[in-house]
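Please read the structure below before turning to the comments.
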Amino acid sequence: MSAPLLSVRDLKTHFTVKQPGLFSDDRIVRAVDGISFDIEPGEVLSLVGESGCGKSTVGRTLTRLEEATSGVAEFEGQDILQMPPAAFRPLRRDIQMIFQDPFASLNPRLTIARTLGEPLFIHKLAKSREEARRKIGETLELVGMDPAVMSRYPHEFSGGQRQRIGIARVMIVEPKLVIADEAVSALDVSIQAQVLNLIKRLQRKSGIAMLFISHDLGVVRHISDRVAVMFKGQIVEMGDKHQIFEAPKHAYTQELLSAIPRVASHREAV
Amino acid sequence: MPLLEVDNLEIAIAMRGQLLPVVRGISFSVDEGETLGIVGESGCGKSLTSLAIMGLLDGTPVRITGGDIRFEGQDLRQLNRRERRAIMGSRMAMIFQEPMTSLNPVYRIGDQIVENLRQHQKISQKAARARAIELLELVRIPEPQQRVDSYPHQMSGGQRQRVMIAMALSCDPKLLIADEPTTALDVTVQKEVLDLMADLQERMGTAIVLISHDLGVIAETCDKVAVMYRGKIAEAAPTDDLFARLAHPYTRGLLNSIPVVDRDVEWLEAIPGRVPGIDEDIEGCAFHPRCPRAQDICRRNEPKQHRIGNEHTSHCHFAEEAAP
Amino acid sequence: MTAVVQQVQDIFAGRRLASIGLSWLILILIVAIAAPLIAPFDPYEIDPIARLSPPGWPHLFGTDHFGRDTFSRAIYGARMTVLIGSGSVIVALLTGGLIGMLSAYFTRAGNVLMRGVDVLMAFPALLLALVLITLLERSVVNTIIVIGIVYATTTARILYGMTLKLKREVFVDAAICSGAGHGSILFRHILPNLLSPLLVQASFIFAFAQLQAAALDFLGLGLPAEVPSWGNMLAEERIYITRAPWLLLFPGALIILSVFSMNLVGDAMRDSIDPRFKDDIAGV
Amino acid sequence: MFAYTIKRLLTLIPTLLAASVLVFLFVHLIPGDPASILLGDTATPEEVAALTKELGLDKPLIVQYFYWLIQVVQGDFGRSLFFGAPVLSVIANGAQTSILLALMTMVWIVIFGIPIGVLSASYQGRWVDQLTSGGAMLFASVPTFWLGLYLILIFAVWLGWLPSSGFPAIDGVGALGHLRYLLLPSLTLAAPNAALIIRLVRASMLDVSREDHVRTARAKGLHPSRVAIKHIFRNALIAVAAAFGFTFAALVSEAVVTETVFSLPGIGQLVVQSILRRDYPVIQGVILVIVVLYAVVNLLVDLAYARLDPRVSLQ
């Protein structure tokens, strides 16, 4: 068995919340409270749970948008949580993130070409403007968009199109690990299906490993190989997706699964 | 006579000096004690329809441009404002999507329920407060005696939505309009709230119009369903009938777009294209640019209503063929 | 350039009052630049025979108690208006704006800096100006510096708040994940999004600066007495108000119209910017 | 609420200390020797030497500051160069007038500002709104002293209804006659500030009226006026209360000008005259008093804010 691409051990991310009272101590929110998991190359692991369970904080900690309180996260054998920010910067190319809100995740003042060009120049992946434009065009085609849109601004696009652009920004640097934080939650059902198919297709084609964070169990089943269920900052159950969905062991997983409203019962009844 | 009858309702938004139609002639009815689900994606006009029925379009750039809304046999559009207000909150009540912001943050929740009670009933402050506590108990808020004096920010999202339900049901309404009541809630909380609504409906005999983007929620809670697309009802039917014989490509596409939890699907059959903006003009059937089976006739003519079954209708030129 | 024109058209379309305000400000700018060409008399020229003469010909706005032509002085006064207004805006935005933006971005050092701003804000505006002016000579530059510093404090507060909001934006997170450094995030991602709210803030500072400058002139602590500014014209002629009520009418009306116009323009622009920042801007 | 009050009080201390350092340094920033500055031009070298010793001006700056601070805390602000009296009593004399003027102005601001603001918001977009909010902006654009001068010209000189300036003692003119002298000044002072409150009430009411809970209130079938007062205005009041701190600051600034125009013997006029007379101990004292007062007003505003918004006081 090969070494895992990412290996997280006993990760904790706590936040201190200032309390207004004079004599009350600051409250500590244990958003992520000791979780461990591995992601193999080319594998899709989903983190699923309800709001406030800490699943998004895991993603933000692994991309160093939040500071970890303790724990180790080894990416290709290097601990990415402890290294100085300057040392982590080149690694950002390998660990990319797709965000939830397609309206907020693109800078409204930059054209699509400049947004997609930024990581290319930072990581020196294009030697000239022409090469950058060519790569941007190719990547836009990859996500199902017309390369001609690169001179336009984000407000000219719909939510689904913006999310495609967000995916293009991630794919353009050819990362090894993509963290998708509620990547399709803000989209309408018909558009969500398109984007979900796109993500799955790109993942299959390129063999990128993925940490897929979502509250939607249907989406999670559709995209992942393995699933980890989070509750109050901890992983309560982790396993192969068929085990989780067909033979859940933990009571919370069972509760989650039984709470989902289904259309299927009607279809089978008739 | 149905409790609520909407007949050829048209709604438009005033934008930059022109009226853009958002609801383009829809009709449906709700009987006493019945639950109607209206489902559709953002911008289809479902929320504006609910606001129009409730009478909450005043002071917005949105107005009703045609059609009738009859409630208990009365034409709501003919009533004056005072008569209209007498119905709001008493015989017809509404709950909204955002439980976090739908209650006034500066008043105690008990006082907000009391306000609704005393607006419509001759009841003393003390009796109204006692009734508010009863109502909180009814919606399963623990320790209602204490919680009646809580402020909204001291409660969770699910609890606030229960408070909203308690307030809406305080005057025993005949009709409850619920606009995406569980969209902002987690699935486990959503289940509790939906169960509560179903339970109360059974006990009180309230009719419900449930607006949702989630076909699963609709399928589990509604007696009949209307599927809206771009301001029109694409397909309407009793719930079981609808899922048994999908008679509109949009309903089928919507259903196939949902990733299900109970079995593996390799690729979702997504609807291609995107939801058209309200300022775009589409000739013929509004769905034709995204429809896999669109023919010339779909690009030219707007489809009429086709009857598939007793109460099953579809606005598709190929409605009969679509249904298996 | 055409994009700018288009944007200006969008903001002022259907706002007749604000459009008139903008036209008035443009007129003031032209008059300020071309003052020597427009003014019929030398603004310093004393005519002892024509003291306190009422409006008419050749003295359109009449003359003051030295017999100087009020119209010509008012024309030259436009120069001071433009100078004081834009000078204060530049001082306020460069000092306060930079402090606010950097403090919000580099939180640790920023906390200390913003405490300093808080201390300055413990002084009511005109009082702070008075304290500062006591330390300095009366001159145009010093008036600009003093008023600029007074509004630098509010500007710093406002920019601090807006930068904090932008820093939490998802597109900033996305830029960090793309590997962008501090300079790129500050000047490529944050600053461009601050430009339009800054412009709105600048217009309100410009308006308030006129009122503060006039008040300082009136108290005898602003521009040197001989400088023909609208504030000084009011200050010098105030005791003649009963004998020549029109003397104070013209400079006063000019100040009011200019401040009002600037407020109208600022208000119109505020309505067109990102709604998130509307509450941050301290305007009328 | 109690804990909140204490906590807010404690946060005042560092700000006030820092402000006091500025006020202290102020005299040292003026070119020249502080002792001669504090004693004025007429001082003999002996007097200068004596004061230098008394104030410890030969000691390091930091030591001097603490000497000064201890004196100030005890209420000793030094002596006025011009009046020869203790600074605190000079300030107390002016304070009477200024406080009366401020109170009367506040009454106008509340009487005019809030109802007109509510009216303007209620008729948003219609002519009533355009007139009131446009008028408010116009008034906010008028220099205070200019307005004061013309009010004097019209109501005192031409019509002769009201006194033009000054403020005689209460026993000479009676309580009502006393207040007559403050009518024009307080109206002058109130005009731009009431205008700002009108704009603010209007803007916050329009903001609140877009919030979801207002829709809930309307869905209850409440009368629009009840929705406007109980749900929109009540919530808008939170933002309006927060702005009264700024209003106080604006009042102080404009009172300086207004008192000068109407020759009212208040603190504002005292500041200006003291600056022109280079009476540094008085300037120092007045500024310190105003800074403390401003801090206290801001504290009160915060407490009012917490009372109006349960989300602040109950966490």
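The chains carry the letters A, B, C and D, assigned in the order they are written, with residues numbered from 1 in each.
Going forward, a residue touches a chain if its C-beta (ideal position, glycine included) is under 8 Å from a C-beta of that chain, and two chains touch if they have at least 3 such contacts.
Note that the structure is a prediction, hence the values are computed from the model and not measured.
Counting hops only between chains that touch, subunit A reaches subunit C in a minimum of 1. By count of C-beta pairs in contact, C-D exceeds the other of the chain pairs B-D and C-D.
Chain centres here are C-alpha means, and the one lying farthest from subunit A is D. Between the CA-based centres of subunit B and subunit D the separation comes to 53 Å, rounded to the whole angstrom. Distance between subunit C and subunit D, defined via averaged C-alpha coordinates, is recorded as 22 Å. On the subunit C side of its complex with subunit D, the touching residues are 17, 115-116, 118-120, 122-127, 130-131, 133-135, 207, 211, 214-215, 218-221, 231, 234, 238, 241-242, 245, 248, 252, 255-256, 259-260, 263-264, 267, 282, 284.
On the side of subunit D, the complex with subunit B involves touching residues 209, 211-213, 215-223, 231, 234-235, 238, 308-311, 314. Subunit A contributes residues 60, 63, 65, 89-90, 92-93, 95-97, 99-101, 104-110, 118-119, 122-123, 166, 169, 173 to its touches with subunit C in the complex.
Across the complex, subunit B meets subunit A through its residues 41-42, 186-188, 190-191, 194, 213-217, 219-221, 239-240, 243-244, 253-262, 264-265, 267-272, 274-275, 290. Residues 169-171, 173-181, 184, 188-189, 192-193 of subunit C are the ones that touch subunit A when the two sit in their complex.
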